[in-house]
Structure formats: C-alpha cells, structure tokens
Amino acid sequence: MSAPDYTVDELMIARVAQVFDDGDQVVNGMASFVPVCAYMLARRTHAPNLVWLAGAVGLDPRPQRVPASTLESDLWRDSAAYIEQYEDFWSYALNGRWLTKFMVRGAQLDMHGNANNSAVGPDYHRPKVRLPGTAGMGDMGSIGKRLFYWSSTHDPRTFVERVDWISCAGYLGGGDERARLGLEGGPELVVTNLAVLDFEPESKRMRLRTVHPGVTVEQVQEATGFPLLVAEDVTETEPPTAEQVRLIREEIDPDGTRKAEFRG
Amino acid sequence: MSAPDYTVDELMIARVAQVFDDGDQVVNGMASFVPVCAYMLARRTHAPNLVWLAGAVGLDPRPQRVPASTLESDLWRDSAAYIEQYEDFWSYALNGRWLTKFMVRGAQLDMHGNANNSAVGPDYHRPKVRLPGTAGMGDMGSIGKRLFYWSSTHDPRTFVERVDWISCAGYLGGGDERARLGLEGGPELVVTNLAVLDFEPESKRMRLRTVHPGVTVEQVQEATGFPLLVAEDVTETEPPTAEQVRLIREEIDPDGTRKAEFRG
Amino acid sequence: MPDKVTSLAEAAALVEDGATVALQSMATFTAPMAMVRELIRQGRRELTLVCLVGGIPVDWLAAAGCLSRFVGAAVSMEQFGLCNQYRKAVERGEIAVEELSETALLARLGAGARGLPFGITRGLLGTDLIDLQPDTLRVIDDPFGGGASVVACKALIPDVAIVHAHRADRDGNVQMDPTALWPDIRVFPKAARRVIATVEEIVDGERIRAEPDRVVLPSFAVDAVVHAPFGAHPTSCFPRYGYDSGLHLAWAKAARDPEAAAAFLDRHVRGPASHEEYLDGVGGVRALSSLERLASA
Amino acid sequence: MPDKVTSLAEAAALVEDGATVALQSMATFTAPMAMVRELIRQGRRELTLVCLVGGIPVDWLAAAGCLSRFVGAAVSMEQFGLCNQYRKAVERGEIAVEELSETALLARLGAGARGLPFGITRGLLGTDLIDLQPDTLRVIDDPFGGGASVVACKALIPDVAIVHAHRADRDGNVQMDPTALWPDIRVFPKAARRVIATVEEIVDGERIRAEPDRVVLPSFAVDAVVHAPFGAHPTSCFPRYGYDSGLHLAWAKAARDPEAAAAFLDRHVRGPASHEEYLDGVGGVRALSSLERLASA
C-alpha cells in the first residue's frame, strides 16, 4: 500500500533500497544519505542480512538514527568489526567476490554513464570549478562493480552530454568501448529526484524507465542536457509504502538529515 | 679482559654482537640462537638501544632467557608492539631505511657469498636432499641488506665452491655481477665455528680475516670446499671477555639452548 | 632509547619550505591540527601536501599561502562543504593538483613504503586521469599474457609524514585506541623519510606494553613525538572527542571570503602563540569537554 | 544472518580432491590441525598446499598421501627439525614444490586477494628461483624508466583457505586476541574462494562487538565456522596454549621411518573418530591444561 503522503527523498530511498538483495555487501562514503537510508531501510524490510560497511569502517553497525555525517563515528561506533582500510577494505572491495554493487554520485553525469567529480571546464589544470576529486569512484568505476547512481539535482548542469573529465568510468564513449578496455560491470541504474533511468544494452545510452508520480517524460527530457532514450514501457515509479515512509521518518532519520541535499 | 674459559658458541656470539651498532634495527627468524644471543648481549653491553624485532613479531621484547624457539611467543610475549607481518613487517624490511643488517645461515654457502637453503643435487625438481626452503633469505639477499652469515658447521659440505641453487643472492658469479643486476648491499662477513671471513672488494671472493684461537689458517682452508683468499694480516679472533661470557651463561642463556646447533 | 619527545616548534623544523608533506586527514577525521597551525605560524611555503581526503587542514594551509601542490584523492569537509580557499587557489592556478583514485594514491605510497619503483592498481582504467598524469601513471600489460591491463603508479616518498594519535611513549611507540584506521596512519608514515606524531598523552612504556597489538607506529619509525592534548581539534579523535561542528561551520562561512578567512586565521591560528592559547581561544576546557561527551555518546 | 557454524566433517566437504588449499601454518604456530586431521580421515587426495612456513600439518598430510604439490616459502618444525615425510616425498618426486620467497608468495596471494593479474616484489632477484619457475615469476622493467627491475608474481587464488582462531560468532566474524598476526590469516583468506575457520570458542555477537578492532575476518568473508577447542593442537595458540613439545618430538622421531609414521597417524589421526577422541588420545584435559600454563607463563 503506497503512502498517503511522501516526499521525493523518501521515494528515492525506497527505490534505491530495491537495488539491494538480502546477503549483498554494501558500503557508503561521505555525505551519502540516500544510500545510507536505503541500506537501513532494506535491512528493516526485505534484506535483513544486507552486510553494510558503514563509512567503509564499521561492519553491520547499529546506529540509532542517521547522523550528521555518513563517515564519522556516530554511524559505526557500535559495529561487529572496524575494518582497517588500506589492506582490509581495499582487498575486499577489489577482490570481486564481495561488494559487487556500488552507489555513486557525481557533479556531472553523462549520456554514457561516466561521472565527473574532478573539474569543470576545458582546462583541467586551471578549471572553472575545482570539484572535490575522484576519491573512491575513480576505483569503483574500473574494477567490475555494478554502478548505481543517485542524484537529487536532475538538471542540465548535472546531466551533461559528455562530462568534462571522466573521473568515474561508465561506458566511456558508449557501445562496447568499456568492454574492449577489459572492464567488467558498469552503470546499471540512475535514480534521480525526477525519474529512474537505465542504459540501453547496445548503445549504452541513458534511457528513461520510470517517471516519478507527477513528473512527465517531457519534464525529465527538459531537465537533461542530452537527448534521452525513452523505454517503450515507461511507467510511473512505484511510490514508497506507508510502512517504508514510517520507518524512514520515525526510526531511520527522524532528524530529517537526508533532506539537506534536496534543499538546493 | 678475555675470559679464562669460553666455548666456541660464546666466541661466535661475542663476535657477531660486534656487528651491530647502537640504534640499529635487527630481526631474527627461526632457530637463530647465535643472532638472538648476540642481540641480547649487544643490548646488555655496547648497544642498549639496539631495536630488536624478535621473531619478526615482538618489538623490544624482554625475554627472561633464550627459549627453546626463537620464533614462538616465549621470546616476544612481553613486547612494546606486536608487528603484523604482511603489511607492517615487510614494509619496514623492504623500505631501506630500517633493518639494514640481516643475519643468514644456509645449508650451503659459496665462494661468492651465495647461499642455498632450497635443494641439494643437480635436479631441482628431484633433489638428493630437499632443504627447508628460501623463506625470508630469498628476499633479504635481493633488497639491499648488508648480509652477515653465521655457520656452526664450517666444513666442505657447507662451504662449497658454487651452491647447487642460489636461494639467497650473494655476489652471484662474483666481481660486479651483483651490482650490474642493480642489487645493493650484499654479504659482508661470515662468522663460523673456525674463523671470520669477509669478501675481497674486487673479486667478491671469500677471504679469511681472523682465525679463532687454536685454529690454523690451514685448518680453515681444509674445512672449506674452495680455495680461500687469505688476508695479509690474518690475526686471531678476539675472544669474548669474562663479562660477556658471564652474561651469556648466567643471564641470556642459562639453559644452554644455544649449544644445540654445535652438537652435530 | 633516545627521547623523541619535543615541542611543536622544534618538530615543525623537520618540515622545510618546499617539502612534500604526507598529512593525516580524512574529511572531519583526525588530522594533526596542532602541527598544521604551527606550520602556518612558522610561515612554511611551497609545500606539497599529500592527503587521502583532505579536510579543514588543507583549507587552512591553502588560505595561509603555504601550499603549491596537492596530491590526493579528494578535498572535502563532508557536511561542511568543499574547501573554498583551496578551490579558489586551484582555480587561480596557484595550487597544482595531482588527483588520484584512492587505490592509485595508495599504490604510489605503498611502493614508496616498500622500496619498489612502482605499485599497481586496476583503478582509474578508462578515466581521463591517467592520460592527464603520465609522469606518475602508466598503463602496462600483464606479463603473463592474461590480457588484463593494470595501471603502474610511480612510487611516492614524502619528505615528512605527520599524524595525530592517542598516545605514545618517549621512545616513540605510537598507539591508537580502537577506531577507524585510515591509510593516512597505516601507510603514509611508512613511505615518508621522517615521521612526526602528535599525541593526546605521553605515557610510560609499560602502558604501551599492555596493548602491544594496538601500536600503530613502532618507535624506530617515528622521529619526533609532541604532546598535544586535543591536538586534532577541530577534527575528531574517536573515541576521545568528536569533531567541532561550530568551528567547522565558522570556518566554512569565513572561507567564502578572503578577508574573513584571513581574519579567522589571525584569530585562531596566527594569533595564539601556542597550542594552549589556541585551545583557550576556541572555548577552553568547557567547550572541549562537550566534544568528549559527543564522542562517547 | 545465516548460521555459519557447522561440523568438522561438513566443513571439510568444502575441500575437494585436487583442491588448492591455503593453510595457516608457520613452523610451530597456530595451524587448523583439527581440520587437517579431518581431511586425512576423509582421505583427501592430490591437494596443492599453500603455506608460508609449513610445519607439522604439512608432514602429516604428506605422510597420509594427501599432497601432490606444495607452494610456499619453507617447510620446517623449527627445533623439531625438517619435516621428514614431506622431504622424502619431494625427493621421490611425489610432491612437486613451488618455492617462493616470503614477499613473492605474498605478492602472488595479495594479487589474488585484490583481483590483480600479478603482484610485484624486489625479492628473489639474482636467485635461481625465478628461472626455475617461469610460469609464475617474471622479471619486468620499471615503466617509468627508473632502471630497477622487479619480479612480477602471478596472482594465486586458492580454492579454500583454512585458519584457526580464538573465537567467532555464528555470523562468522572471527576474532583474535593479541598475538602474532602472520600473513596466513591476514591475506590467505582474502585470496581464497572459500574460507573455513575453526575456533576455540563460539561466542555471542556482543562479545565480538566489545573489541571490533580485533576482528581478523569479517562475517561475509567466512563460509564455515567450526567449534574446535584446542583445535590447533599440537601447534600453539598464543595466548591460550603453547605448542606441544612432546607430540612434536614423538612425531619427529616417528617421521624418520615410514612404518612408524603410519602407525603414529593411525593412532592419533585416523584412529580417533572425532576431535574430542583425538584430544583424549593425546592426554586429555590434564595434559592440555599444562600447555595453557606454558602459554601464560
């Protein structure tokens, strides 16, 4: 039963939670409230055995609620294990057996699922805007992970035809270019504040799959800086259930910390 | 003042102790009673700040006496740190800044300071004698360490013209062959139950430097399976002092564990 | 053992103008802030800073004009925003950036730590960051013919690594209570030529021996130890104290404007003559004890 | 979480004939001996054993005819001598040996753990062991032109890793008390396709959470947990118990002669139907508690 009232952050969290199956291992980085809320929701609903490496540190933490930081100790102080990062976390991440799904957000995201968190402008060394940096996405895009993007700012500045600089490898120029480089995995889904998109299997171009209730296909296209492919069976994104909304509001994030990134 | 009575193990331990300067870092492996006694002696005499990684585990341990194993916990249970081996010990060992001197013993040792702990006989895959294996010496010989050999069995079976298989890189074929391969460091000294030897700087051939009291140059040559170079100023090895012998017998190794390898 | 304990001022002398400094920093996590403030007070110039994810220390050093280059995976104060003074300096071309994925950065430093000419990763393949940085990154083939390429990452050997930890003895054995162990303390110090550790407390060697498995840096790998209680402030030092939200927010606001940023630094960094004066200036014992409560909540 | 706790017999089923088994073993240090005995009882054949420095488990498995290949840095029981049954089998050509320096072995396994086609080391350069083993070792140049060569070591991915530790919870989080941490527990399990952990005690998850920094294997990396008190006997499990000198000496003597070795295995390994019967056969609680005193001396 869908919730009588919900906000787009709650819809996104519920949609993202569906990505993860019981028994998957997941990790979150900095300022990742949508993934963290989605993991906490999945663990309370369909995936109680979702293995969560909170902040890439704490294994199966029991945070009382979403804290102000998704990296700091409030998230993982009560954990089964503190995972040392240099040797332990990166071995588990690089191995291929574990942590096969990874959530990413980029300042720019392009038609073929490449992301940019490095720099805006044609001169990398003298950028118009210096972005924070590639951090872990520069690894996760290249090591066979199934990538899931989220974005709370579906607009033409974020969704560009070609990122200025690829700091997270998606399908590169599209088609089989990624595969020819020997890279496995790749982007699968993009969950935004307007819609859910995937990648057309041949061209690897971004394709609209569902629009959120109240949003039209045209609005999504207008908010996107390149021509979208549109699936033949575009439907409405399934809204969160009343119970999902209750869990998010009452148990997971009563402080509403998740909403900060949607205020822009 | 030299001791009124001493045994060859005590002489070797005192001679080996001289190799180490105050502030050096040293490590010992399995069944390494001569090095361990020498480190403990050096720390009680001229090198109180000798940093010792006992068994490659325990930093600056305070063993009451030499135990039956130089690897197991009796040696290092009381330590300032337990050094994890995979990432920590090997980084410190490989770095080049630390642990610059390393003590080695091989089943075979040759004219150019190569050692063999792998196999005896012309067919490596079907050996006459399978030796324990290269273990750490296969690393330490190649990564720029100053190598110091000890042997309690100075005989032609141990001291061979050319080792059957090089499992620890000395000067290889001699001359500048080691240097041409880009390897720094190399063997410097060999302390045996008969004599002390070094390597002639040009040819990198083993050279007799001192004979232990009561041993002649001829006896050393007879016990060696290849023609030794003999330094012009061969003297007698300095015997241990009375205080050194007392420390070894009363404090360091009252059980006489060090003597086992000399019984053969 | 030689006594490694010294003052902030003397330890800072190990950091020369133009040095490459590997600095512990991971967003709002523990950074050796007392030493960062001392470097600013002493007016270091032309530093290359190596961080995993540089937080507020990067922005302070950038604002103070100490930096000419940054090497790392990212710069961010997480919920307190990007580091604006650093960003502007990069955009003006005053600070050069070498941007590496985490595994590429760690491969460079791991190779430095292990005396190898290079390390390898599969990270970054397909990105633009390899071609942008050919001096340190190069794609090589599998010599066993397996077909997979890897990225060779040139060894990086910083001149100095600076870290903050819970305790040390006078020999220089540095110990951490159970907490997140980032590569900035696990590998940066092994790669660097010199290591400075600031610590919450100096203890007797027997205290260290009580938990020998929790020593993160052995004595021989540490060159200087400095006693700096609350030395990570305003970053966190779990489980002892949390990050200071108030000071981070105040800086994030000041950092939008060069003059406000300079005034902030004058007040909190250049003004106080010592670490103790700094602590008094940010609220003293009362404010800091509230951070302790935060950390142990 | 799925309950990972199972029996020795069922866990041993994860090890198939012909498998490559990464076995914790470092001379007389902790080896998963209860599982080694179970593999012998079940008559495993054609195993490739990967050890750092293999001790008594290698000799028992060799004597029982379980091995066709050994990959490691050395085989030795330290003061109890070389492993005679293993040596003779190698000399007869029955067990093939891949002999690697410690860093080369760890480079192979580290690459396996990290999904890299190969790892690199500077160890072994100049030795004969590189040319003897061209399938897994190859000298390559520094792509940055620094001139130093390194040895590429092909990734090794064992089918199963087997370790023994102090405790685990039913989820499979494996914890060690402060002790020596060898690569056999730090990297072998990360490289292997499956991981079996035998433990001194099964505990509640809250006990694990009390020391989250002492978890050596997280739940998701462990496939089976087996309760085996004194499961490392006759090897040591510091700080809980020391190695059993008497049984090592008895084996070293028996191992000189094939018939005596077989009789020893019949009595101590094949004879006892269970781990509990084995413990009774080596002296029971009384003898084992003397080993505990040894370890805590």
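Per-chain residue numbering starts at 1, and chain names A, B, C and D are given in the order in which the chains are listed.
We adopt the following convention: a residue touches a chain if its C-beta (ideal position, glycine included) is under 8 Å from a C-beta of that chain, and two chains touch if they have at least 3 such contacts.
What you see is a predicted model; the values in this text were computed from it and never measured.
Undergrad: For the pairs A-C and A-D, output the one whose chains share more C-beta pairs in contact.
TA: It is A-C, judged by the count of C-beta pairs in contact.
Undergrad: CA centre of subunit B versus CA centre of subunit D: separation in Å?
TA: 28
Undergrad: Just the number, please: Cα centre separation of subunit C and subunit D in whole Å.
TA: 38
Undergrad: Indicate the residues of subunit C shared as contacts by at least two other chains.
TA: 110, 115-116, 121-122, 148, 178-179, 181, 186-187, 212-213
Undergrad: If a residue has to touch 2 or more other chains to count, which residues of subunit B qualify?
TA: Within subunit B, the residues that touch at least two other chains are 82, 86-87, 90, 94, 143.
Undergrad: Graph of touching chains, which shape: line, ring, star, complete, other?
TA: Looks like everything touches everything, fully connected.
Undergrad: Show which residues of subunit A lie in contact with subunit D when the two form their complex.
TA: For subunit A paired with subunit D, touching residues are 23, 25, 49, 51, 58-60, 78-83, 87-88, 90-92, 94-98, 143-144.
Undergrad: Show me the residue ranges of subunit D that touch subunit B in the complex, using the header's touch definition.
TA: By the definition above, subunit D touches subunit B via 26-29, 53, 72-76, 78-79, 82, 86-87, 90-91, 93, 96-97, 99-104, 106, 110, 121-129, 132, 147-149, 178-183, 186-187, 236, 238-239, 242-243, 245, 295, 297.
Undergrad: Where on subunit A does subunit C make contact in their complex?
TA: 30-31, 55, 57, 68-74, 76-77, 82, 84-87, 90, 94, 117-118, 124-139, 141-143, 165-169, 172, 178, 181-183, 260
Undergrad: Quick one: which bits of subunit A touch subunit B in the complex? Just the residue numbers, please.
TA: Spelled out, the residues of subunit A in touch with subunit B are 86-87.
Undergrad: Could you list, by residue number, the parts of subunit C that touch subunit B in their complex?
TA: That would be residues 1-2, 110, 113-116, 169, 171, 173, 186-187, 190, 193, 205, 208-209, 212-213, 215, 218-221 of subunit C.
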